[in-house]
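Next come two complexes, and both contain subunit A; in the first it sits with subunit B, in the second with subunit C.
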Partner chain A sequence: MALVNPDFAQEIAKHGNETALECFNCGTCAAICPLIYEHFPRRMIRYIQIGAKDRILENAQELWRCLHCGLCTQTCPRGADPGEVILGLKRYVVADWRRS
Partner chain B sequence: MTDEKKNIDDNTEQGKVGIYICYCGGNISDHVDVEKVRDRMEKLPGVSVARTNMFMCSDPGQEMIMEDLKNGTVNRVVVASCAPSLHETTFRNTLIRAGMNPYIYDHANIREHVSWVHHGEAATDKATRLVSAAAAKAEQLRPLEPIRVDAKPHATVIGGGIAGLRAAKDLADRGIEVTLIEKSPFLGGQLARLDRIAPTGDSAADLVKDLAGQVLANPMITVQTCAAVERFEGYVGSFKLGVKKQPPKFSQEDDKSKRGGLDGVNPGDYVPFSGVYPDPVPAEAEDFTIETGVIVLATGFKSYVPRRGEYGYRDFKEVITLTDLIQTLAETPAEGDRLKVNGRQIRSIAMIHCVGSRQIPGIHPEDESGNLNEYCSRTCCSATLNAANIIRQTYPGTSVYEFYRDIRTYGRGQEELYNDAGKNKVVFLRYEAEDAPQVVENTDSDDYPLRVKVNDTLTFGEEVEVPADLVVLATGMEPTGISELVDMMKLPVGTDRFLLEVHPKLRPVELPQAGILLAGTCQAPMDVGEACNGAGGAAVKAAAILGRGYVELDPFVAEVDASKCNGTGACVEACLVEGALRMVETEMDGVRRAEVTPALCTGCGACVAVCPQNAIDINGWTLKQYEAMVDRIVAADVAA
Partner chain C sequence: MYNPKDIIDLIADNVRKTKNPFGIPKPVINQWWKKANVPQKGDALLFTGLMYQFVPYIETSTSYLTRFEDTKWADYLKYGKYIPKLLSGLGLAVITPLKEKKKFNGILMDITNILNKSKVDFYYDPNLDDYSGVLLYDLGDQDGFVQHARYVAAKLKRNGIKKLITVDPHTTYALKTLFPKYTGESFEVHTYFELLNLTSKNGHKKIALHDPCFYGRYLELSDVPVNVLSSVDIECAPIRNSGLFTNCCGGPAESISPKLSKEVGERRIAELEKSDDPIVAMCPICLGNLRKAGADVEDLSTVLARQAE
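The block that comes next holds the complex of A and B.
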């Protein structure tokens, strides 16, 4: 079970993540991603949308597999900028690690 | 009919039947050997010519028939083609254009009844029998005149919502006197219960005030509020409606939605979330009768009321409907970062789509009358997104979560509402019909009163729980309870319980009952624009009926042969339509005989079957004609 955290979007915004909520879950980014399977990066974006912080931290290693080729950002029909969202998540995960 | 019409006296002139068989571009000829049928028809007694054409309904096809009629080759016509519902009128008009009476025509359906369902020799033989039976009947057809009924230049609109107002105004603009009958004390109907209308953001109050103002200012329109139709009789052009006007009874529920208190309200005022209050409510009940030529039904819809416990409705005070939310939003001053409802800060709203719509047998329980709303209510997706956008733009501190099965923003400018919702950071969660979200009390330590649990297909089927201060149910539309009108006027009702038009594409605002028309959401869920479209269409149809001052009806009704009738009265007893047949004393010899009111007779033939004297018959469908058809169908040599 994932408990939705309505305040998470604000928390993550500090790390440069402003666009994740514009994603409408089409999955184009996951289809075009040349490196990582299992719904990357959409899964991460979805976790931001519902504020599933634990899920993000559990799967954080996926973030560092991303090469930032930019294909997802180029093809996103909503301008949700998945590449930038992944970068922001990296900053968030590092900051969270520092805090702990 | 024009004076040019050739007079055909069937007593002197032997029937010369022309048979015209259509290929329907292969639709018929792929399975029926059309030329073989033609050869067989040519040999029949009474048949002058038998011809074929690739498309009989085409101009050359029709001209061929007109040519034969004009030069006297034929004086009765049979076309064998598609269903009469498609082209019977076409070919009757062909006869009129040839200067003939349109009722010396018979139609054989050899497409739907033959080529689409039979193949090979059997198809050809069945087509042969049907066409030869039509030919036998055609031989006996007499010219008939349509029944002409005077039309009273007056229209009655039932229902004072936006569709009723639109129809009344459009009819009055056409110079027709209108009576508008509204059950409640207010004009504006369900629209008056809304605020900003998606997708344009128009104010519902302004729309209602504008149109109701025009209606009330129009001297051609009489508005009767607190009034309901209780009696109905008559026929197109000459209906009689018994109307009862009485002081309104307010229920507890009405009081909550402010529909009750009329203290301090003056005629002409607009009462928010109720509508325009045109006249003081009557002090005591009164009855009156309206004589009217056409009736426009604009009886509207009612909002679905969730059952107790459906998504926590009435179990938790934090669960409300979308209409409740709209009213709350409109009445709450936009202050602060968060929406406040009854003093409570709303941090998170869960909105659930498709409540009471798109119900599936076996998944959703039926209501107490055994009904399921299997249709989409069409307006709730846009209305929900609109409310979500307003909340997110006005109160950035209030998060909105939308739980949907599918989003259907189907009209112009409505998809933008969905795009805007993304920009406004509305979070969507998607559920399957058989796995609907559950609204439960929050037992955790955080102070949100409720949680909405869902197996969210957008989060890969994971169970997701949304903490909520408020749960909003996007309730759909249901037909208004108008069973009395339905029974009185014998209105057709669809399986969805909305009123059912004659044809969804070609005759979308008409009912089989001539002179009764449909406007707005009594017919199906619609938005305001669509309801006004329907109302405009109904007004034009009504004006067209009244425009000529008279109405012509098909002459296929019962006729009494006074020389044979000896007044048994069996026909009156058998008659299914009240008033269509009655016993009348004849001046000539004082004998009581049956008399038909042609405008009321439906031509069902119940009277024909019971008359011991064979003194009553249906014009255009006489017993003799039936006998001739049956004889021909069973004749051994017809298909040989």
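The block that comes next holds the complex of A and C.
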């Protein structure tokens, strides 16, 4: 069971992650991503939106498959900047590792 | 796939202690200028960011990472940070082939040659040429990146540096975009090919030019090398997915997952090879990774140096 936290998007904003709520989950990012991997990065963005912090931390390794190539950001119809959202999540997870 | 935490901790520790991701002393890595015809005084500082110099060491270290990825030995990587830097760094330097070091040093010599031919007012000072820290940024180690970037920016400012000439897209992005944002220090930054003024009578040629993500999308500079190539009568074959929509070479994943890196690289090679023309790259990471994935690739500067009068 995953706990949801509607304030999570605000919590990660300090890691430079301010556009995740713009996403309407159309999947363009997952379709163009060179990883072709299990709805990446859409699923991670959805986790932010519903505040599924535990799911993000459980699946944190996936974030480092991202090549930071920027194709998702280039093609996002909502300007949600998925590439920067993933980078912001990496920063959040690294900070979490360092704290623990 | 390796545990990203192990890779990040190792790289961050190396950068903190030795100012580069491999833990190799800078005088060992940065030797190209000793044999180059490079001015010691001038208007703009040539700032390589050490990226081309790193490629042979990346190739050596990723050959080991490839061997142990997804095996029980992969977990031992986390102990890497406990090995003294001088020992691990010099060890890596010794096992890295001299031929590869010469090849990548040669690219920097080609860049200085074409800058000289273009009568660009520049100089090089190895003491001021440092790694930008951009890998820490890409890996999400924000604190590590900012700390290192501040060190580099402060050193440049202290020495009165205002203009920089860069040679790779990652360092260019770091200095142009990230340094002003995270260190508060700004410089006038140009990539070397923005400054070239070359001519040629060596005949028409055609190449398949791979746009790196950072020149194509992040910095939107793809038109510039195409125009420079055109000025020396080299035509760029149309490549599926270029410019703003260029495809990644797979290089950024090479430390976390060499398998993934190779898979993405092979897909890009398939696109580039459709033209049947020689493949040319303009980023050390792309050059290294496309070669690892099986392509015969030359650097833009090598092609320009050969073709220019």
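Everything that follows uses one rule, which is that the second predicted complex is superposed on the first by the 99 of 100 C-alpha atoms of A that agree within 3 Å, B and C clash if a C-alpha of one lies under 4 Å from a C-alpha of the other, contacts with A are read in each partner's own complex, and residues count from 1 in each chain.
Here is the rule we go by: contacts are C-beta pairs under 8 Å (C-beta built on N, C-alpha and C of every residue); 3 or more make two chains touch, one makes a residue touch a chain.
For clarity, every value in this text was computed on a predicted model and none was experimentally measured.
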Clash-or-fit label for the pair subunit B, subunit C on subunit A: fit
Which of subunit B and subunit C A:90 touches, first, second, both or neither: second
Partner chain(s) touched by A:4 [first = subunit B, second = subunit C, both, neither]: first
Touching partner for A:34 - first (subunit B), second (subunit C), both, neither: second
Touch count on subunit A, higher of subunit B and subunit C: C
Which superposed partner A:68 touches (first subunit B, second subunit C, both, neither): second
Touching partner for A:21 - first (subunit B), second (subunit C), both, neither: first
Subunit B versus subunit C as contact partner of A:50, first or second or both or neither: first
Least Cα gap, in Å, left between subunit B and subunit C after the two complexes are fitted on chain A: 24
Subunit A positions touched by subunit B in one structure and by subunit C in the second: none
Subunit C - residues contacting subunit A, complex: 1, 3-5, 7-8, 138-143, 213, 217-218, 244-245, 247-248, 250-253, 256-257, 260, 264, 267
Touching residues on subunit A, where the partner in the complex is subunit C: 15-16, 34-35, 60-61, 63-65, 67-71, 73-74, 87, 89-91, 93-95, 97-98
Touching residues (chain side subunit B, partner subunit A) in the complex: 347-348, 399, 401, 418, 422-423, 425-429, 456, 458-460, 462-467
Contact set on subunit A toward subunit B in their complex: 1-4, 6, 9, 21-25, 39, 43, 46-47, 49-50, 52, 78
